[in-house]
Amino acid sequence: MIHIDWILVLVGGWLALGIGALFTLHNTGFVARRLFPAGALIGLALAAVSLDAAFDTPEVAQLVIGLPGLPMHLRLDGLSAFFLVVIGAGAFGTSMFSAGYFRTGEGTPPGLMCLEYHVFLAAMAMVVLADDGYAFMVMWETMALSSFFLVTANHRVPAVRHAAYLYLLIAHIGAIALLLCFGVLQANTGDYTFANLRAQQLGPVWSSIAFGFAVVGFGAKAGLVPLHVWLPEAHPAAPSPVSALMSAVMLKTAIYGLLRISFDLLHGGLWWWGAVLLALGLASALLGVVFSTVQTEMKRLLAYSSIENIGLIVTGMGLALIFRSYTMTTLAALALTAALVHVLAHACFKSLLFLGTGAVLHATGERNLGKLGGLMRSMPWAAWLMFVGILGGSGLPPLAGFISEWLLLQSFLFTTALPNSFLNMLIPLVAAAIALVAALACFAMVKFFGVIFLGQPREEKLRKAHDATGFERLGLAWFAAGVVAMGLFPVPLIDLADRVTQILVGGGLAQTVHANGWFLLAPMGVERASYIPALFLAGVAAATLLGLLIARRLYRGTSRRAPAWACGYAGTNARMQDTAEGFGQPIRQIFEPFFRTTRHLPTPFDTRPYYRVLVEDRFWHGIYLPVARLVDSAARLVGRLQQGRISIYLLYSFVTLMFLLMLVRL
Amino acid sequence: MLPATFPLFLTLLLPVAGGVVLGLYGHRDKGPELNAAFSAATLAAALWLTAEVVFGTSVLGFGERFFIDPLNAFLVALTALVGFTTSIFSMPYMRIEREHGKMTGPRMRLFHSMYQLFIAMMLVALTTNNLGVLWVAMEAATLTTVLLVSVYRTPASLEAAWKYFILCGVGIAQALFGTMLLYLAADRVIGGGEGALLWTHLAAVKEQLEPNILALAFVFLMLGYGTKVGLVPVHNWLPDAHAEGPTPISAVLSGLLLNVALYAILRCKVLADGAMTNGLPGRMMIGFGILSVVVAAFFLFRQRDVKRMFAYSSIEHMGLMTFAFGLGGPIANFAGLLHMTVHSLTKSAIFFAVGHATQRAGSQVMDEIRGLLQASPTLGWGLTIGSLAILGMPPFGVFASEFLILTSAMRQLPWATPVLLLSLAVAFAAVFGRVQAMVFGDTNLAATTHRPALFPVFLHLGLTLMLGLFVPPFLGQWYRQAAALIGG
Amino acid sequence: MRALLSQSINLYAASLLIVSFAMISQRRILSLVHLYTTQGATLVLATATVAYLTNQPHLFYSAAITLALKVVLIPILLHRVIDRLDVRWDVETLINIPTTMLIGIVLVVFAFNLALPISQLSSSIARSTLGIALACVLLSFMMMIVRSKAIPQVIGFLAMENGLFFAATSATNGMPMIVELGIALDVLVGALILGVFMFQIREQFDSLDISHLEKLREE
Amino acid sequence: MSVAGIVAQLLEIALALAAAPLLVGWVDQWRARLQNKSAPPLLQSYRVLRKLFHKESVVADSATMLFRIAPYVKFGCMTLICAIVPTLSTDLPLATAADAIALVGLLALARTFLALAAMDIGTAFGTMGARRDMLVGFLAEPALLMTLFSASLITRSTSLANMVESIAHRPFALEPSLAFAGIAFTMVSLAENARVPVDNPATHLELTMIHEALILEYSGRHLAMMEWAAALKLFAYSCIGLALFFPWGLAQSGTPLAMIIAMPVLIFKLAIGGVALALIETVSAKMRIFRVPEFLATAFLLAVIGLLVHQLLES
């Protein structure tokens, strides 16, 4: 029973830090340089403890708080531990970065910010620990609430307010769905402990309803299409460390919930659940990546890319569900492992990238890609660390992103044996789509990095942008190291994921992988597929060195610096580079139907000709605005009831009386 | 050793005395303090009474005319508490109103004495064992509040008070007819005389009461007291009265009066359920409840006036409670009682905050209130947290009860839950959008002369928070017993 | 003799109903007040009769109270109000009077058949009049709905109270004393407050037409 | 891993490095012949490399580290690809390090570096080239992956060595899915190697060029590495194609004898392939840049159809 107690202590430490910050409400220096690093260390400890707990037996605990007769139950098993590792590790890097990030005068006073921030962390940790419906919902909503206040840190800006409102609204709708989900699960027993929910044997209809509610609820949080619209609004609005936490960690709690309910509490279920998840995940992945390639605002771009990655994760889960429903344990484990590894990988590189944007934002005060560029020279630290990030984000070998995509594709590749021919037909298409998504992600990342850091500065002020500070570098480096390490040594990841898959699908890859030592990654046996990141890297490095040697060997001429050639055209300047719009233009053309594009083209007669193109989300105009209009007109209709005329009011009363009297006489 | 009835006696007597005294001295400078003092004394007495009940069992007093059982014990304490905090809040508030010239000396006197009498009447209504007296007390409470609503003498307040009087008067009249039928039914079993209206006696023989009469009686009682609960479609007086009366009155109306009316319905439901086997009362309440929730949610959506908005939110929550009690069963009843408590705490806290905000903005129109957080952080946070709590955000108590209500409804009444879900979402969108606009951004508010009394706001919110995370054992015990009492 | 008296109760009841109909059809405010007084008087007689027949002293008290309140005090109050505000105009109704009468008849039928099963269960000597009492209540309710001036509305409200009171007497030989007292007090205070209100409304809107009281509404 | 394996590995790498420019020369020569031009000598591309290595390399002022290392990284990636593709033998120590998916990843890695390097200078052409190259890439890579998949669906494996081996050893059977895959693969490799009809290696017309725009700023040894890497890429693609679709004559045992036999077979196959490529380039016309996506999308769809056909007919 030691781990969970330690974890509770650490979480308590976070809360204590937050409350302590209230006493130094406006002392930015102290809050930032002392409290945040302390929080970071707590996060590290949390990650360590839960990493150890993951390989131990499940532990349970009870809090005194809760409803009468229903104290909050906590449980620490492999699944929770896995996500606690994500939370702890994410918290460490992000808090370290925040220590260097928060400056004076960011709207909310720093002390309050610190409180909200640490409550947010604590709530996320408790969400994955919760072992009964009430505790889960309380922590879940606390998480949403604290993150909402973090997003509104700079509430003087109307756009921020709007974004935060949208975020909380959708989060609340999701929460209501979850409420109903638990209502279905408890099956009139009035006992909300997960143990009881697990024990309930619901019919296919009820369990499908519960699953549906769960998908809506967690989808709203994870940003699954069509509930994704809040994500690209909220992430740019929030301070960068907050965006990092939300995107890298908070979205994962939704994944956790979905896993917990669909695999654990509902015991897998029907095959079409998997198909549903597959479809949703794929839709999100495609839409997210396509949109991220055409964004012109760096944090929006990353936000859409988060939608894409969540989509990939959910796709893996869907596949795992399908396999599980046909009791193909190994394949289910493979798909689920892919999803879980991607959870880790995405947590790492997305935090890295968001924090990087924070550094850029502070250095330049500019978030519009069209005004950035050439920062590699002025801020090399941030640039090179983020370079690692985008390589990881593009899913390129030998980094973290590739491992998960590799596993995912593997699991798609060996699905020919499904007894359901329809799925058999479907699977290759899905695999193709995944490949497409991966390639597009690469496109988006190249655009992101190239436009921000490469080329010539598009604004004069960018030349004297200052590099990331010490704490910020530490935070960035932590995640960069994670991306590299996970990419090179996937076997430990497989072990960690194995603990989860053992619980959820009753099987794992640990043995098969361990059969081939610590470097070779061969989940299905070497003859099927194998990948040795370390050797791979060594090979590339060796070959590259070989190239260098050859060049040195054969090389005769000298080398000098000169102005860029550019086909001999002398008058090139920074404005001639491709802008973000330009870079995304081909995608805009190819995926025209995805977007709601409004274009203004200059005519020869314009005195001041200009070109503007506005790319919007179809869902916003297709679903959300009509719903809003509907509600509004309904409200107007209802308003007629209150027309101020007392006779009419009396008439209501009279008619109701008559109606009820007839009711009882019949 | 004093008899257990003594604190009860005090609890009822003190506010009456306060009404008299303040009727004489309420206009003095120290009038508000005097008011608060009497409320404090009442609270002390009520707490004493509560303590007695916690350690003893149900109390019968004055020859069975008054009694305390789990169902009304916590309501008495709650009423006294909110009455006290409201009087604290009204000290600076009313002073400022007086400086603004909206209140004069005589009006202050009227306000204070009526306030005390109103509290007294509600306490009587809660503790009486006689359904007839219950009716009398409810009517009296209406009369006192009518005067309080119209205290500004503005056209709007007059109109509101007039509507309040007429609509509630008619409603209450129907309730009287219901009570009469009840008496008629009891007459046949127990025989005439006062005993035939004592709830304890009726509850003892409820199975033998004539179902046909009880059905009619419950219709009249439901509609009558339902008018005061503010159930759609007989809610129309509520938003006007809340919006045009002084804010302390809006607070006690939402926080207390509606509860007392619902309490009356509950007492009658117990008898009706006992007599009728077909569960008609429950279905009736479910119908009223759902209707109220849905309609109120959509009313919320297009509000301009902040007090009106929160008045509609009260309708919504009363609807939710009615729905819960109609649903019946231990969980739903428990949740309903919990919701009664936390709603009155939260809603009154919100009205306190709103009151100060409107005073600073000099308007109740929400578009003219901006940047509360900037103007006064504590006030801003009070309003924000209060609104989030009332909208069912954990870890506040409202969430706890809504959690229980919705989850239990999900399996008993699957068709109803999507409707409730939709309405809750709409309500959230409406209220939170408005509140956010008022709280955030750059402010346009002036400074006030008197320090706002924010202690009540945070006291209430603190209690709500506590109830969301931890319900004291004796309270939980009461809720359970009361839930069993209501049965259904 | 007793038989005659017990029949007389039904007579009083019938006259109450007639008075209610008269109120609906009556346009002039002054005559409305007179009708109200008549109603009160009839009520007193009925109560007293029941009291005598069932020799219940507390019914005599309540009869006395009724006399004081509904035959003396409130009519005087109303008269003063009318004089002070000098409102002598004819009342125009929202629905024209014949229609109202028709609806009224429907209501009476409805009330009777509603009260039938109950009055059979009643042990009171005047049980058969419960239907009439209910009808009176509903009629006054309707009167409140259709009248567009303040005073008629108030009179309707008070008439409703009368109906209830009669119901109490007829169905259950009157409520317990304490309740009776409470009700009486409430009615008195209510009437006073209404009187005060009418003055205030008058000075705010310089009219007692409640169509002025339609400002508070959802746009 | 066996000594023979290591020998085979090294031999492959050496062969690739040596023979890649030759293949390019061969193709150019044949194209010239087919277009009735006077053909350049077979060793022309070696001369070009030598010339470049002797020229001084000019680096733009705004260039960063990234710009300088990109050529070597690309060279490295291409070399590794040549190393893991079973051209001579299927018993390769490096083959376990990367399977088909990793191979595609490797190509993507090289492309990413190149594109970023092109954007590094910040000229109009560089960024334009980078954009176009990424455009080609994000459509070509999935297509390539799909073609490889349709092979690995047949062989139940993604490790190239096993794929090639089992394809080589199974009784001869007509695989419609492979036919689709083959066509798709050809189209992809045309695009990837900047060949007509997608791109024209011989032109420097700004509006049409893709690959040339990328390496516009390079000169001297950097350019040499680029050219060489491009040659390696062509070689690697040809080898993959041959190994997957004409897998006969590879050395299984890895004995020297087997290699000796395998070598001429490979060279022969490459020669044929080169002629075929030249033929394609001659008969087809360069298409507009906006048509390229359609061309590649067709390839992608063909590959996917290949997969479906396999699911439908062959599983």
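Order of writing sets the labels: A, B, C and D. Residues in every chain begin at 1.
Here is the rule we use: contacts are C-beta pairs under 8 Å (C-beta built on N, C-alpha and C of every residue); 3 or more make two chains touch, one makes a residue touch a chain.
Treat the numbers as computed from the prediction; the structure is a model and nothing was measured.
Traced through touching neighbours, the fewest hops from subunit B to subunit C number 1. Contact count check for A-C and A-B (C-beta pairs in contact): higher for A-B.
Centre to centre, using the average C-alpha position, subunit A and subunit C are separated by 70 Å. Remark: subunit A and subunit B have CA centroids separated by 44 Å (rounded to whole angstrom). For this pair, subunit A with subunit D, the centres built from the Cα atoms lie 36 Å apart.
Averaging C-alpha coordinates per chain places the centre of subunit B 79 Å away from that of subunit D.
Across the assembly, subunit C contributes residues 114, 141, 144, 153, 210, 213-216, 218-219 that each touch 2 or more other chains.
In subunit B, 162-163, 166, 170, 216, 239, 299, 302 are the positions where the chain touches two or more neighbouring chains simultaneously. Contact of a single residue of subunit D with at least two other chains is seen at no position. Chains that are in contact with each other form these pairs: A-B, A-C, A-D, B-C.
Listing the residues of subunit B that touch subunit A in their complex gives 162-163, 166-167, 170-171, 174, 215-216, 219-220, 222-223, 227, 232-234, 236-237, 239, 280, 284, 295, 298-302, 330-331, 373, 388, 391, 393-395, 399-400, 402-404, 406-412, 417, 421, 424-426, 428-429, 432-433, 436-437, 440-442, 468-471, 473, 476, 479-480.
Put simply, subunit C touches subunit B in their complex at residues 114, 117-118, 121-123, 134, 137, 141, 144, 150, 153, 157, 160-161, 164, 167-168, 171-173, 175-179, 182-183, 185-186, 189-190, 193-194, 197, 200-201, 204-205, 210, 212-216, 218-219. Against subunit A, in their complex, subunit D makes its touches with residues 50, 53-62, 64, 66, 69, 71-73, 75-77, 79-80, 83, 94, 96-99, 101-102, 105-106, 108-109, 111-112, 115-116, 119-128, 130-132, 134-135, 137-139, 141-142, 145-146, 149, 152-153, 156-159, 162, 204, 206, 216-217, 220-221, 224-225, 290, 293, 297, 300, 303-304, 307-308, 311-312, 315. Across the interface of their complex, subunit A is touched by residues 94, 110, 113-114, 141-142, 144-146, 148, 153, 210-211, 213-219 of subunit C. Put simply, subunit A touches subunit D in their complex at residues 373-374, 376-377, 387, 391, 394-397, 402, 405-406, 409-410, 413-414, 416, 424-425, 428-429, 431-432, 435-436, 438-440, 442-443, 445-447, 449-451, 454-456, 520, 526-532, 535-536, 539-548, 551, 554-567, 572, 574, 576-578, 582-583, 585-587, 589-590.
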